[in-house]
Amino acid sequence: MDKNVVTYMGFESDYQQSCIVLFGVPFDGTTSFRPGTRFASSVMRQESYGLETWSPYLQRDLDDYDFFDGGDLDLPFGNPIRVIDMIHDYSKEVLLDGKKPLMIGGEHLVTLGAIKACHAKYPDMAVIHFDAHADLRDEYMGESMSHASVIRKCHEILEPNNIYQFGIRSGTKEEFEFAKANTYMELFEVNTVKSIVDQIGKQPVYITIDLDVLDPSVFPGTGTPEPGGISFKEIIEAIKSLDTLNIIGADIVELSPNYDQTGISTAAACKVVRELSLVMVEDK
Amino acid sequence: MDKNVVTYMGFESDYQQSCIVLFGVPFDGTTSFRPGTRFASSVMRQESYGLETWSPYLQRDLDDYDFFDGGDLDLPFGNPIRVIDMIHDYSKEVLLDGKKPLMIGGEHLVTLGAIKACHAKYPDMAVIHFDAHADLRDEYMGESMSHASVIRKCHEILEPNNIYQFGIRSGTKEEFEFAKANTYMELFEVNTVKSIVDQIGKQPVYITIDLDVLDPSVFPGTGTPEPGGISFKEIIEAIKSLDTLNIIGADIVELSPNYDQTGISTAAACKVVRELSLVMVEDK
Amino acid sequence: MDKNVVTYMGFESDYQQSCIVLFGVPFDGTTSFRPGTRFASSVMRQESYGLETWSPYLQRDLDDYDFFDGGDLDLPFGNPIRVIDMIHDYSKEVLLDGKKPLMIGGEHLVTLGAIKACHAKYPDMAVIHFDAHADLRDEYMGESMSHASVIRKCHEILEPNNIYQFGIRSGTKEEFEFAKANTYMELFEVNTVKSIVDQIGKQPVYITIDLDVLDPSVFPGTGTPEPGGISFKEIIEAIKSLDTLNIIGADIVELSPNYDQTGISTAAACKVVRELSLVMVEDK
Amino acid sequence: MDKNVVTYMGFESDYQQSCIVLFGVPFDGTTSFRPGTRFASSVMRQESYGLETWSPYLQRDLDDYDFFDGGDLDLPFGNPIRVIDMIHDYSKEVLLDGKKPLMIGGEHLVTLGAIKACHAKYPDMAVIHFDAHADLRDEYMGESMSHASVIRKCHEILEPNNIYQFGIRSGTKEEFEFAKANTYMELFEVNTVKSIVDQIGKQPVYITIDLDVLDPSVFPGTGTPEPGGISFKEIIEAIKSLDTLNIIGADIVELSPNYDQTGISTAAACKVVRELSLVMVEDK
Amino acid sequence: MDKNVVTYMGFESDYQQSCIVLFGVPFDGTTSFRPGTRFASSVMRQESYGLETWSPYLQRDLDDYDFFDGGDLDLPFGNPIRVIDMIHDYSKEVLLDGKKPLMIGGEHLVTLGAIKACHAKYPDMAVIHFDAHADLRDEYMGESMSHASVIRKCHEILEPNNIYQFGIRSGTKEEFEFAKANTYMELFEVNTVKSIVDQIGKQPVYITIDLDVLDPSVFPGTGTPEPGGISFKEIIEAIKSLDTLNIIGADIVELSPNYDQTGISTAAACKVVRELSLVMVEDK
Amino acid sequence: MDKNVVTYMGFESDYQQSCIVLFGVPFDGTTSFRPGTRFASSVMRQESYGLETWSPYLQRDLDDYDFFDGGDLDLPFGNPIRVIDMIHDYSKEVLLDGKKPLMIGGEHLVTLGAIKACHAKYPDMAVIHFDAHADLRDEYMGESMSHASVIRKCHEILEPNNIYQFGIRSGTKEEFEFAKANTYMELFEVNTVKSIVDQIGKQPVYITIDLDVLDPSVFPGTGTPEPGGISFKEIIEAIKSLDTLNIIGADIVELSPNYDQTGISTAAACKVVRELSLVMVEDK
């Protein structure tokens, strides 16, 4: 008898033939407000069952490409540094095998592990960052390893001027000042994505989408909802704009299913992953 | 002593004097994802208590017209064909008495019963269809009688080229190809309703509104939420556009109250019924 | 890379070496009140992660035995007869291979498919039935194939006087009269399980546990909660009483996760499956 | 066409032939903690659909008796005194017509209106009171007309020593001292109901059941849950004990559906009304 | 040891040095539909913890100004007139001390107490009113003291032509007719705020924001959600437009946390208070 | 003006005069299953408003004694060791001042910080532990600092044979074997508390109550609900049994408000703290 296994959108391909490797990271250990992103990847697998493989936006079908769903990492609790190391190691293996990691968080700190691995392979890489929050703190409550400082940590790793932030609408005065000096940041909106994409050209790029960049009306299920965000149509347009880029890896983070009683946030997250997968494939 | 009975918006008119007959169909037997539309009509009756009879959009008042609320049909479970027959018979009686059926679903398959009855009286009728989903499948999981194939079934009954679809944003590649050949379909938006209404003129028209055409932000309470939908203001504008049509019957479907913990979907559904009722009346 | 797959309690054994085959049946098509048992098996898989493999009640450990989790059946919607046939075929294959089916419903009608398959192999079998409801109706809303008539249907298949019902506290006058003539029924309580077990001896027995036999305080997550049920300690004692029986198959049904907002019903269901598995194993 | 109207348990009898008149009082205006009992009667009407008419406890069937469901009173907001007057007037009319009022609250203050009306007809009446709270305050936050003082107000109306309180487990030191001097009170339990019933004999009795006498495990849906209450089986036993009394009216109060997400409190309330109705009928 | 006290956004300033005095009014006694605004101020205090003090909209920081959080008033239940008097007295004291009251409701009726106090000091004051509802009824269910008549009551106190209403989309025909004759009213939108602000100039103004002016998608947590409202970005733009006014007091009302299961309404309310506070400060 | 501050049950006494110091520890950083105990202390403060100060169980009133509520500790995220140190330091200061710490968790790991501080002052102390889980693991997912190993860690600190465990019903085979060799453990029930209390006599004792010792029916709001627990009446009886002990400190842990949608778990937790406070006072 067959095991009738649940994978994201029914991804059935094996590892070898797939160029994109999806994996879940059920970690929310530095979440300061409302925890629960640890449940995101497993809930998304269940709910992606209701999603069509055909994208009317990109006019492409997931069934025409190969994806591997590696399931979730088995993580310790209470030790963020070990968690980031495990993410790093997994991503590194995927990259060594010539594939692209597509990580489902978890909280935003998980991005650090993947970007460390990507940077080792692509030292000249850039990062495109969608988020409601600047995530540029030096430390938070005395801890430097925090979801609130993750882009600051990435900044320390990358070459200067390689971080592009969109949709930001919350942070301390200091973070906004840091951004003025050190990153490209569009406040509130994502109107300039297209022009930044043109500017980046064929440089290797990592995409990190903190889903709270979406307005809480369409994405309530997150730890720190920030009203005044972008619409679903706007994030889809932004993702479509990425289609010409050389994307080397990506993640979506901060879905917190406990705060998504209606399921609409999970539905949005699943569609974002579908569209993001379809701009990451080759031979489009 | 008087029975203090709950009806939709307090509709008190008797059957004979009413030109519009509202009735509920608590059926969700072919729902593939999240069931529960069976509760919609009864919850809407309760919650319509909070709704004003005056429409500031149409500048009309429900109290100036006669509506009859016939309550809910008593349906069997597990037998979709009997259910469609019962809807057909009820609609037929309403139509024979020279009145217009206004059905509250239930899942979208219920539309088939009402359209069969309307088609018997008006063979040249058209259908205007608002929905997130194409509903044009030939069958679903081996069953041809399904919410996912209901418009395809209607297509088989109606004269060719009489189906107009708006707001569609989810389906299989095959459904979109079928639509190109057989229906009018506007993707994502409802911008062309006004021009289609002008084209239809005085042809008899049935209106079917799958409320999931609305964005999940304003209408989370449905079985298969699809982000990227239209706003409430847009559906109201679209309904106002229908005001010149010869509407012979209508339905609204797919409210699922269990997924409407906040009640905003029910509030939206009630207002849609109010506006729809007010474009269906005579002597406006 | 490995797929990190979710199974019930992490059951990892392969089919051949396992003597018990667990499978899910996500079907609630004849549910008359509150639907949603279709989600039970998948939610239980996720939540069983929090459960220890060691039973302090039976002093046994799941890790000392082999279980196979076959995942969920892929079922059509709106066609109960096809669903029962698919359950029958799956159970039949399991039985032919010399193994025991352990089915996770779904609504109670699913039991019919498994009992048909068991009866073909064991014509002298008995059924032990825990439930709040008698389920002895001849038909319900005009349909004979219904969760409310499932034990009546089983009665028609089995040899006379082979149905033992416990915990029953809801039904029509006619059902209770039917029970007096045709089944053994203990009202409200499960105090006589031990003596019935002694009476049955080594006859082949199928166990069907409708979890709504539990009091709604400990098991709220079900379609038709009936206050006045038994406690969790009582169901565990009852299951321990079954340890000497020749159990040929079993099911647990009627967990409806949408009505289990706290998760306690799912936790109870998982523990019931653990204990039931541990009385079904051989070489105890 | 027929209006297919929702009544409690489908009560269809007309007013004249019924000896028991059920009516709802959607009032929670003095609720100090969590409001929402205003929704109880309408939710109970909807949910009573799932309840059998046959009581296996009393071995009686609701269908063998006539009950009238008068619907809900239309009440003002923010004016408790007018509300109590309206309850009084309704109850008075029922009593004048030789029938028994059976009121569905609402908060506990509603009892005052009904008892005033009963006392005018039966000056020697007693009151049997089930509750977690003593409700014997003189005033609450400066207001004497409060749910927390309702039994104290009744005490002022009735002849001395005619109040019997059961299950009480919360109150101020002063309330418990007042009880010692002025009422019969059993703390925590309802073990002495039978002996009090024997003592009362054929004296006219009004029954008021604040459902929070039940343990929050079985009845979470109430404004002020008090752990340590009685079980559902215990309340049913207590109601069965009332079968020999001369009951002239009754109420059940304090179901708050917003805090009953699972629906088990509503299910319990509906069954309590069924059993209470069946001990209030004549010609048993 | 220190008491580690919860205040709105951690407002730590003492009363004397603060020019703005925030206080909560947990009152919902005339709410006609879904009660629960009584919980708003306490929930907002808890949740404001997640909010940054820096406003990227106004480019100001709460930490640069002094605010005093006076906690919640201790109110009676069931007596709206006493409640309004208590609000009046508190506001009066704040105004006498040369400070500005910033009230967190509660239902909309609370505004009456504050406006009475403001009017005594500023007889020529105007009121700017954001709301989905006209609130211009003469009485509601026989009671003139109601959330549905609060602006009508204010109209009776103020000089003529000093009420400006924005975003209104629900009311009786009579209310809209009253508005035509007696107030400035913009239907559905808030596009004319800027021009009205210019017209008002330096006249003393009270701002009352019924948060249900926001669309239910972004603000579901309210008693009477009305689809078709304004977006969060629009309310922020409107508040920024108020920056030149002479604001003497303000309130935000009608957050009902029980209907805000996701927390997004509370998040929006907290940000509205932050922005409103920052336009009310002096020395900007 | 006065700050109207929220404290547990309105505790108003100052630090100096109080012999019991309550404080909250919003930490859930090693929670392996469902996080959220970080919200317990603040929710309990809010909800304790609905609780009477009089205990009918102990016939004592909180108002007759002095308690200090120190609010919540401000903790970092993602660093359990720093958290335990901060708890230790706070407890140490309380103990040095001759007072008793009463800690509101948070997850169970927090107990370690308080017991370290107590042990420094009372090296011969014992621990009475109520819990569903043994918490005797050596490590969990590779981390030794975990809620699942907290009693094992305490065991390493205390003198041998000073740990008494009650109500345990979940753990690994290894934990139960460790218990047999190293602690006193009563499985499932709390029947032997009285005899153990007699045995302990006047030895200094710390009480740690993991509230999941309660059955999920009465206490659903916890991270890992384990059906088959004790009733509320049983925990109250057990606490009353502690009245003769020399209690030097105590905690209650593992309330997770997000999973307590009805509020009954919080209500139970508040009453447990009331009763526990009243057995900890002097001059009873």
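The letters A, B, C, D, E and F name the chains in turn, as written, and every chain counts its residues from 1.
Criterion: a contact is a pair of C-beta atoms (placed from the backbone, for glycine too) under 8 Å apart; a residue touches a chain by one contact, two chains touch by 3 or more.
Quantities reported herein were computed from a predicted structural model and do not represent experimental measurements.
Listing every chain that touches subunit B and subunit F alike gives A, C, D, E.
Steps from subunit C to subunit E, taking the shortest chain of touch contacts, total 2. In terms of residue-numbered contacts, D-F and C-F present the same interface, as over half of their contact pairs agree; the other options in D-E, C-F or A-C do not.
Between subunit B and subunit E the centroid-to-centroid distance comes to 38 Å (mean Cα coordinates, whole Å). We define each chain's centre as the mean of its Cα atoms; on that basis subunit A and subunit D are separated by 55 Å.
Subunit E has residues 32, 74, 215, 217-218, 261-262 in contact with two or more other chains.
Taken as a graph of touching chains, this assembly has some other topology, since it is neither a line, a ring, a star nor fully connected. Contact between chains, using the touch rule, shows up for A-B, A-C, A-E, A-F, B-C, B-D, B-E, C-D, C-F, D-E, D-F, E-F. Subunit A meets subunit C in the complex at residues 1-7, 15, 21, 42, 46, 68-74, 93-94. The part of subunit E that touches subunit A in the complex is made up of residues 49-50, 52-54, 56, 61, 215, 217-218, 232-233, 236, 261-264, 267-268, 271.
Interface of subunit D with subunit F (complex): residues 32-34, 168-173, 176, 187-188, 215-218, 220-221, 224-228, 259-262. Those residues of subunit A that touch subunit F in the shared complex are 28-32, 35-36, 38, 74-80, 82, 140-143, 145-146, 258.
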